[in-house]
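Consider the two complexes below, in which chain A is the common component and chain B and chain C are the respective partners.
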Partner chain A sequence: MNQQATETRVGAPDAAQAATRRNELLWRVAITIGPIVASLAIAGCVLLAVGVNPLTYYAYVVDRGLLSPLGLQQTLTRMAPLLFIASGLIVAFRSGMWNLGGDGQYLLGAVAAAAIAPVFVQVMPGWLALFLSFVIATAVAIAWSIVPALLRAYQGVNEIITTLMMSFLGVSFANVLVKLVFLDPGTTVPQTRTLPVDDRLPRLFDTTVTSGLVLGLVAIIAVHLVMTRTSFGLRLRVVGANPNAAVHGGLNVPGLTLAVFAISAGLIGMGGAIDIIGVQGNVRADWNPAYGMAVIPVVFLARMNGFAAIGFVFLLSVLSIGGESAARRLGVPQHFTLVLVSIVLITLAIAEYLDHRFNEKRRA
Partner chain B sequence: MKPTPDRPQSQPPIITLDSVTKRFPGVVANDSVDLEIRAGEVHVLLGENGAGKSTLIGMLSGLLQPDSGRILVDGVETPIRSPSHALSMGIGTVFQHNMLVPTLTVAENLALGGDWWRRPRIAELTVRASQIAQQLGIEINLDARVSELSLGEQQQVEIVRALLRDSRLLILDEATSMLTPKGIEELGALMRRLVDRGLAVVFITHKLGEAADFGDRVSVLKLGRKVGEIAPERLSRLDRSELVDEIVAMMFGRQAGDAAVSIPPRSGNDDALLDVRGLTVARTADAPGLEAISFRVGEGEILGVAGIDGNGQKQLAEALAGQRPVIGGSVLLAGQPLDAMDVGGRRRLGLRYLTDDRLGEGTVRTFPVSINYFLKQIGEAPLWRGGVERAGEIDRRARELTHRYDVRAASIATPIGRLSGGNIQKVLIARELADGARAVIFNKPTYGLDLANTLATRQRIRDIAGQGLAVLLISTDLEELLSMCHRIAVLSQGRIVGIVENGDGAAERVGRLMIGLAA
Partner chain C sequence: MGGLFSETFVTVLLFGAVTAAVPLLLAGLGEQMSEKAGVLNIGIEGMMIFGAYVGFVGAYYSGSFWAGFAAGAAGGMAVAALMALLCVRLGLNQIVVGIAITLGMEGLTALLHHFQFARSYPRLPAAQVTPIPLLSDIPVIGPALFRQHLIVYLAVAMVFVTTWIYRRTQLGLNLQAAGDKPAALDVAGIDVTRTRTVAVLFTGAMAGLGGAFLANIGAGLFIPFITNGAGFLGIVLAMLARGRPLWVLFGALIFGLCLSLTTAAQVAGLNIPTDIIQMLPFLAVMLMLVLFGRRASLPAALGIPYERGAR
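Let's turn to the complex of A and B:
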């Protein structure tokens, strides 16, 4: 009864409401930026402990990843595959399905593209060859998710375990394919045939940035709009937020589960294909950038919002391009980028907890 | 067996609950409950599932904090902050689900919970434990692994563990649910010895017979409210059958504030709108099945379904709505068979199901109120066009429903989980009654609602029956059924054991059918 008395009837928003909304927005920004600043400080302590001046490191990373023209172009190029992975993860996570098999799906997509594109360009127009290799790479990645998808949809087997295990298998399998099946006989280095630079996706204007970036942006924005604005996206979100409500509401939960796995793995496989036909040109043996695992925290940081994810993917790209340069120059291992991202995630989780406590107190 | 009437009177209460209220999102679990617990008494808390017993125990044992009201320990207002705080004040609880570590021995289990920096004094504990066990006349093998003991023996260990902490009050939550009849008898005798030693025992059960057999004082909970208490001096004067009658009257009888009986008039039309023939559902690991359920509900008729909770009510509702697979029988709406249809198809034809699990399956609590109105219509015109959401149309319709069903929410963008139970229920009712409802299944529609919302919901049901809809009203509140149904079917262990015309004497007949006696 009490609660009801304090709740008011639906009415037009007034000035006071606008002010609270502004305050809430400020709080939201603080709760997002604050942890990042705190993590920079904590990671700085780690750098100090290994004898590197954190300010030098951060300045170098920012310079190489963001400020120098070449670095910025590399950063934007790196974003292309990462955006595809982020969009694939957003679909899965928003639907409450934890596809942690990104690395396997990504590598298999990449290997499929690397196996097909150099052959196809010799027998058909370049655009068609790239398109077909893109589609086949997507199909291969989807195929790799079918077992976890069926197990989850019809047996309720936890997909966290199955996708992770399939990923280990997928990474090894991709390697086997490179070394045994698609090995380029023309070189001594174990790698697939190389797609000539001229046949790869065009670069944007006069830069070295791949046009795959545009495709990545299209993918993630499309995913965001589908998830937030369409009935299909709403169905997926209902399944993710409350599977019982989905059953009660008459949704075909197993069918939607299969669709989610296919879309998620497909998008991640596209990321692998884009990386090959746009940037790398071939797959070297034992190549595994492990982007899938690096993007997971990014998607959480973005709270599974597509637009926010673009920003955080950009940040991750700056850190990883800058971090790779810094690794060569300052001797800080490249994995430090992941250390930094992990610290950000943990501080963000703490911030989330504090935010929750704060809200509870305010409501009480 | 019964105590001498003079003794309990002289004892001041160990614990007093003064108008204690506890709310959970969507439900009022305890509504202004008063309770006094005295030494030397077995105080039985009796009530059906969902009556609020577990919540009450949660508050006594420090797991939950009341939202309002006071808890007095020895007459002094004392919040019970945590389970360890409760233990330190002498309140020991034996929970429904066993809390022993099966791989450890009995002695090791008894030593758990001591100070972590100290070596457990198992030898000393062993001596005390066997003393306590001896005084109570039970035998405990302290060296046995808990996994080797029967459930009854495990329970005795838990009781001894509580007494080791010098408990003055022992709470037994549904203690008999896992015991054999012999075990139950032994537990009864054990409780008697405990209260003879001056302890207070609170015994929670939903079984009427146990309350009559073991209790010195019986308090009856119903839908979160305490609806009656039988004091020891009265209880000792009643014989068992009189006692059972009195408790039945409390559990199922009329309460102050209940709506007056008002059965909506029906036009003479007796065509069966909803026709269920031989509906059969397989039993599952955690749910009873249904055996050849048949009934018909006419236009404008309210058919009640009575029964103790867990006798297949939910399965019946879900099978009708198309949410649960059936293995036989058929369902017809206005002569049209629904058996091949899924949830959405049945809904579009006009068969609606209002779930009793408002937060668990009825809503997505983080979604706004507006979307929650339309969870069963995702993708349908005019709210979606070509699969794309039309936000303006959704908001407009949501505002309209909010207004028409008097939903009190800050805005239609508010996450529905923040609404009170009554308002969530209004959203669900709006959803089910919208756009061409013809037959509506209400599953415990007033469960957990406060009085005002309860009455409003009942009136809403009468109104739609008055408009010619067929209503199947599933409720564990017999009074509710008697106040509005034309006929009442009684469900027991997945079968309809009888259908009673509402009228004089219906209460007694339904009540007897419910507890397994012939009408």
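Let's turn to the complex of A and C:
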């Protein structure tokens, strides 16, 4: 309203300029919100096709994941591991490397933490046990990314395939570890030893929200600042934008490649550790939340910006927690979240295309 | 029930290897054509699982395996058409769209299966085999290799069909050019978009057929996430085969052998945890990539959308 008033006062050229600026702003908003709305609509059609009222479903998800106090606390807790994964993916994607092995790295980190924390906590102070299990979980996840990193850095083997293969291997290997090596002899359920609730990461204030959330926020903001404000981050972005230019510019590309894989996998492994020492307490056999893949669209939606990613991770958590409730109550399997997330990815890619076209037309 | 080297064990192992290899072979041959034409098709896993579901539903309700295979191939092709529209025509990022298609189809088929069959997993009757006269009477390998469903022989025949396409036809040359130097193909007056679209649709049909085989013949039923990385193994096969269909066949048989160790070991009475056995094909892949990865040559324009006049 204000802007309109100014326009009429200062005359035609400025008015035209203000109008284009407003158009541009509107366009930016449309290009961000549009894909989400379109995806909800398309996914709604899928729900209609299987005989579920999409409005009931969405309302239920929002109610359970966002509006109910308990649900909101669960949502915030769920954000902790997802933030770590998102930060790991941001490092990799900004450096032009496709770490699609998140699921394996996450699970191995989780299993490592679950194997160590309950044992260490009996012989040393709690905080030290948690810290050590956190560090070792990170190291295990990094170790799992070494082969793809070396292959990419020195042999030029496409990391998309190698990380995917290592992910399948990692998921199976984590299961082997849970069932054969770290099995809790105390129960008949195949799972690791359980970290007592009192020894887990403290909860925030009087809520059930884990303090892992704070660590996750620190991780993603740190990653964002490193990638945008430091020379190391700049070097990584150069490698991502144009590897040939990076070589000619004298950058140690193989070394940077190894660093990217280590940081990315390490952060994702930390996510697994945080989930165990903060929330789950143990790893059950055949447990695989497959967060690694679900977070990918979030990172793209945020255009690899750490602050924006926090917001979209929150949305994914709402969907995830609400979707779990809906699976129990409305009988819509959790897999629906997967469908919705993938539709978001496609509509987002189309929006980017339209944006590109829009900018070209404006320049012309 | 015999030892590790009994006749039954070897027959079961080989038969299982062929059954497990066929989906990988089909996926690998399909992916090979996409990659040749310059499209890295990460969505093949999604095309495969959609083909598996549609193929299973087709066979289950029609009672005909052939209707199932046709449905599977058509289903895979439909998903491929979406990919071709987004990646070839609009030039969107092939990796992003590929991930989306794989995730989406995994979720969608699990969802559809849930609402169609609830928690039941109906089985198809055993498929009829077509023994090849004389060859099928050879002891041990006869029953394993030459007493298969007709589609198995057709899948192997596709190796030679694609070899012929690449070596002897104009289409083969066009595909190669679309992957190596699309601008040159364009100058020669041939539509790059159309050539690549043909390749992606072929990939979809083959992947869908492979998925349908996996569900209908391999397992006899559909369970969510049944492909479990088979499409990705197809991508690896295509990468390592360096454009040669025959190498895809050899690779598929090696991976198939790894996969069939599970059933064969159970027949031999060995009690190896399934999780360890499930790791075998992926271990084999990583080993092969470590050994031969450097030589896996890929087309120059792989993964780069073609835009006329762009520098």
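The working rule: the second predicted complex is superposed on the first by the 338 of 364 C-alpha atoms of A that agree within 3 Å, B and C clash if a C-alpha of one lies under 4 Å from a C-alpha of the other, contacts with A are read in each partner's own complex, and residues count from 1 in each chain.
Here is the rule we go by: contacts are C-beta pairs under 8 Å (C-beta built on N, C-alpha and C of every residue); 3 or more make two chains touch, one makes a residue touch a chain.
What you see is a predicted model; the values in this text were computed from it and never measured.
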| item | value |
| --- | --- |
| Partner chain in contact with A:172 - chain B first, chain C second, else both or neither | second |
| Contacts of A:180 with chain B and chain C, given as first, second, both or neither | second |
| Which of chain B and chain C A:230 touches, first, second, both or neither | first |
| Chain B versus chain C as contact partner of A:250, first or second or both or neither | first |
| Dominant contact partner of chain A by residue count, chain C or chain B | C |
| On chain A, the residue positions that both chain B and chain C contact, one per complex | none |
| In the complex with chain A, residue positions of chain B that touch it | 23, 322-323, 342-344, 347, 353, 355, 357, 360-367, 371, 375-376, 378-379, 384, 387-389, 399, 402-403, 408-412, 419-420, 422-423, 450, 452 |
| Of chain A, residues touching chain B in the complex | 1, 3-4, 7-11, 13, 229-232, 234-235, 237-238, 241-242, 244-245, 247-251 |
| Complex contact set, residues of chain C against chain A | 40, 42, 86, 90-93, 95-97, 99-104, 106-108, 110-112, 114-115, 224, 228-229, 232, 235-236, 239, 273, 275-276, 278-279, 282-283, 285-286, 289-290, 293-294, 296, 298 |
| In the complex, chain A residues that touch chain C | 46, 50-51, 98, 100, 147, 151, 155-158, 160-162, 164-166, 168-169, 172-173, 175-176, 179-180, 293-294, 296-297, 300, 332-333, 335-339, 341-343, 345-346, 349-350, 352-353 |
